[in-house]
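The next part holds the structures, each set out as structure tokens.
The two complexes that follow have subunit A in common; it is paired with subunit B in the first and with subunit C in the second.
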Partner chain A sequence: MMSWRMLVSRLAPLLACLGLLGIWQVGALILDTDSFPTAIDALRAVPSILTDKESLINILASLRRMAIGFGVGVALSIPLGLMMGRSRAVASFFNPLLMITYPVPKAALMPIIMLWLGVGDLAKTLVIFLGVSLPVVFHSFQGARAVEEKMLWSGAAMGLSAGQRMLRIVLPSALPEILIGCRTGLVLALITMITSEMIARQSGAGNILFNALDMGQYDTVFAMIIIVGAMGIGLDAAFEQLRKRLVRWSEPRFDLPLSFS
Partner chain B sequence: MIEIDGVSQVFQTSGRQNHLALSNISLTIQDGAFVSILGPSGCGKSTLLYIVGGFVTPSQGVARVKGKAITGPGPDRGPVFQEFALFPWKSVLGNVMYGPRQQGVSSAEAEAQSRQLIEMVGLKGFEHFYPKELSGGMKQRVALARTLAYHPAVLLMDEPFGALDAHTRTRLQNDLLNIWERDRKTVLFVTHSVEEAVFLSDKVVVMTRSPGRIKRIIDIDLPRPRRRAELLLDPHYQKYVVDIEGMIDDTSEDELQP
Partner chain C sequence: MKGRALTSDVLLGIAPIALMIAVWQALISFGYAPATLLPPPGQVFMRLVRQLGNNEYQQDIAATLFRLFAGFAIAVVLGVGIGLAAAASPAVNAVVRPIVRVLAPLPKVALYPALLLLLGFGHESKITLVVADALFPILLSTYYGASMVEQKLIWSAMAAGTPPRQILFKVVLPAAMPSVLTGCRIGLVISCIVVFLAEMITSTDGLGHVLVTAARTFRAVDMFVPLITISLLGLILNGLLQWLRSYLLRGFPEV
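The block that comes next holds the complex of A and B.
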């Protein structure tokens, strides 16, 4: 039989969501303004967005840009980060560059990129790519730098060439750290996806959201926020499942500390 | 045969000063000999091992194996490190199979050989465990099996039992001797334990502290196969230990002089 405590810990995320919606509902009823619809009104608007063909095309276009930006970003950033981690020359060349670009909000580059590349897919995908790249490069760099020298020596003694050591020792041993970077990158991809569409309105989930805002359709605005939030939770949870599967060998067993049991 | 010929090693410290770690070391190790390098920490004994492994290039002099100058690591010289250096993403079996697979041995054959080696080091039943699930002593057993798996002619052991508790250490010493007495590989064994060096070796090389020089080379003339219980009571063994400990004490006093 499942104990009461286990039941609570299983249901905790659900209870948190319901609690949040409850506070929203009560708050909206008390404030009673047009720009803050009740949770029930917002939730009611969700199905109408998801069944509208036009909206679905917009949302799918957003997700496509995000997938491309994320995919290309990860594919280029991991090798760069790993090389930086294992070569002092590469690191000292790229490090200053990354230090300069790290604190710049990538969406702030959007107007300039729009000037160069127009308001189409390319500009938005590029901004997502930039948002994803930095955390992935940074974590790959840290992961590669921490690889134990003796592990590489053991590989060299077995006859692994420098390239093979990179691919078959540095990459797997840095993988837990790389995947932490990818998880951050995934969330950043979602954020930059929406903000890029806020600046260059033409299509996408952000486009629906801000058009609705302009037209004062506040229940649609909040419904879109719920949809984007749900997408974030879903993507993150899916990625976390993948991550756990890939690096099961490195995870310490999750035992609750005595004080909590 | 391993020949170390006039090898010196200079390291640059963080203060841009040159630190002489090894000074003019010459040493010849015969095939099939078990040779220990003994010295206080910081005497460069591990560096000497890394030079033979090809992991470190000496500043001066040359090291040769079978008459050929060492230019890099190779499967003829298998290292076993104090830090184990296992591949944590591979199971015990995956770790042991790694070398043979790299050498082009077929998967089935590599697995059969590896299972045999895992049994030999006393880890039968742990084939599918990951390194994080093993104790220190078990990890070092895996590391030894992983190195033996690609049949190096020379074993390079860098304080392999230094991180283990006394009990585990004794058991691994016994097991290492048993394994070694079967196939008599050349072993270069770095340690700072006098008892360990005398118990295991044919020859003990005593080094001085910084800069590392060879102080004395002592032949350990004790019968094999060696049994720990007999050896501990053997006055010859006791005399070797006391004599060599005396030499180490001397080097510590040297160090106090400016």
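The block that comes next holds the complex of A and C.
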């Protein structure tokens, strides 16, 4: 009985995927227009994109830019956020600047950055880096601010230096919050990646997607949407695995539904 | 004493912004950047002030704000509604949870071409995109907030004879409010970002369109103006939400 339940809950996301594709299929059959191919048609176009060498190179180039932007962004943002969380001066120095830049869509900086750096990899990676940084900084900031003073005091009493306290006390206890920020950052990195390529129209997955839209190759449009969507879901699932392993100790019990009866 | 600490905070906060503008000006004054690529800050702010008084630009702002508010409002209603329902009923939870797990990490901008083909180039496709992007942070934080509500509170309400439907709105929702509002704040920032991007991709009005037209004609000054405007709009809206938060959460111990 239990294993049957486990099986269903394991398969639930897959069932949800199939259900959504089913709704798409039915919707497309009802609407019956050229610009909205059925799910089966779109899925059929996926292998031809993935076996085409040029598209594959484009998609891999996109992923590489995203990985670099995400990696550098996370590596720089976590220390900054932690310092902001522990030092009032650092926080009040950076906070207004971040407040101003947060609602600016980073991909919208693309036209300006393109003027300075050209349309190459550097401009796109920089934009992804900017997009990833802010949520990671904010969540690290929140996480570091919520660290219990007592733990830091006992650390100091036992002779840990400021740097050691940061690394051994603040970082681990802020980690759950930091990882939430990284997850948001990952989704934003994908969004920024697609939009920056759509604006720069030179290479990458976004370029294939919007070129197909301009040329009216609707099968390709929807197949690319499936590919990009699968990329998002796959990356998120992989990150979730990593997160679970790192912060298993802090997992709250979400699975208990509220009881009303 | 507290007042002085606050002023020194403000001064510290202004410093990096002032520094940034100074570096910006210096880059031009010392000839590192030609004015066609990086217009001087004074010129940009003058243009901003002039544009804010310009009727056409005001209409662009109005179009952007309309899409932003419509999308954000729908996302809040749907997100809070579905989030509460999922926290309260195991049956809804079983359906919503896997769907959210699949849809939440999907980069919604990639859906925009599909939305364009289905809904056309007008308001509808952009509002739908804003809803799709702002919905999930609000939904998830409502759900987490509502499922963290202390069971004791619900039991006491039930013991006092409150019907289940009212418990949801009189106990669970208020108790989950801090988390809901945090989600709304993230949703608002994302709405700002997404509405601008959607307008950049295809549109005939709105701030994103202003940026794209400026970029196509290489008018660097006009490229900075809509960016600063959306940043100001985001700040103002964030301030309003912060005010709403301190009003709604006035009974809570720490905000």
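Everything that follows uses one rule, which is that the second predicted complex is superposed on the first by the 245 of 261 C-alpha atoms of A that agree within 3 Å, B and C clash if a C-alpha of one lies under 4 Å from a C-alpha of the other, contacts with A are read in each partner's own complex, and residues count from 1 in each chain.
Everything below uses one rule, namely that a contact is a pair of C-beta atoms (placed from the backbone, for glycine too) under 8 Å apart; a residue touches a chain by one contact, two chains touch by 3 or more.
Everything numeric in this text was worked out from a predicted model, so none of it was measured.
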Name the contact category of A:V104: first (subunit B only), second (subunit C only), both, or neither.
second
Contacts for A:V26 in the overlay, against subunit B (first) and subunit C (second): which applies, first, second, both or neither?
neither
In the superposition, subunit B vs subunit C on subunit A residues touched
C
Quick check for you: in the superposed arrangement, does A:L56 touch first (subunit B), second (subunit C), both or neither?
neither
Of the partners subunit B and subunit C, which touch A:G229 in the superposed model: first, second, both, neither?
second
Contacts for A:L18 in the overlay, against subunit B (first) and subunit C (second): which applies, first, second, both or neither?
neither
By the touch definition at the top of the document, which applies to A:M158: first (subunit B), second (subunit C), both, or neither?
first
Do any residues of subunit A touch both subunit B and subunit C, and if so, which are they?
252
Would you pull the subunit C residues touching subunit A in the complex into a rising list?
8-10, 12-17, 20, 37-38, 87-90, 93-94, 97-99, 101-111, 113-114, 116-118, 144, 146-149, 151, 154, 158, 164, 167, 172, 186, 189, 192-194, 196-197, 200-201, 208, 211-212, 214-215, 218, 220, 223-224, 227, 230-231, 233-235, 237-238
In the complex of these two chains, what residues of subunit B are touching subunit A?
53-55, 72-75, 77-79, 81, 83, 85-90, 98-99, 102-103, 130-132, 146-147, 150, 152
Subunit A residues touching subunit C - in the complex, by the definition given at the top
12-13, 15-17, 19-20, 31, 35-36, 88-89, 92-97, 99-109, 111-112, 115-116, 184, 186-187, 190-191, 194-195, 198-199, 209-210, 213, 218, 221-222, 224-225, 228-229, 231-233, 235-237, 252, 254, 256-260
Going by the contact rule set out above, which residues of subunit A touch subunit B in the complex?
148, 150-151, 153-154, 156-160, 169, 172-173, 175, 247, 249-250, 252
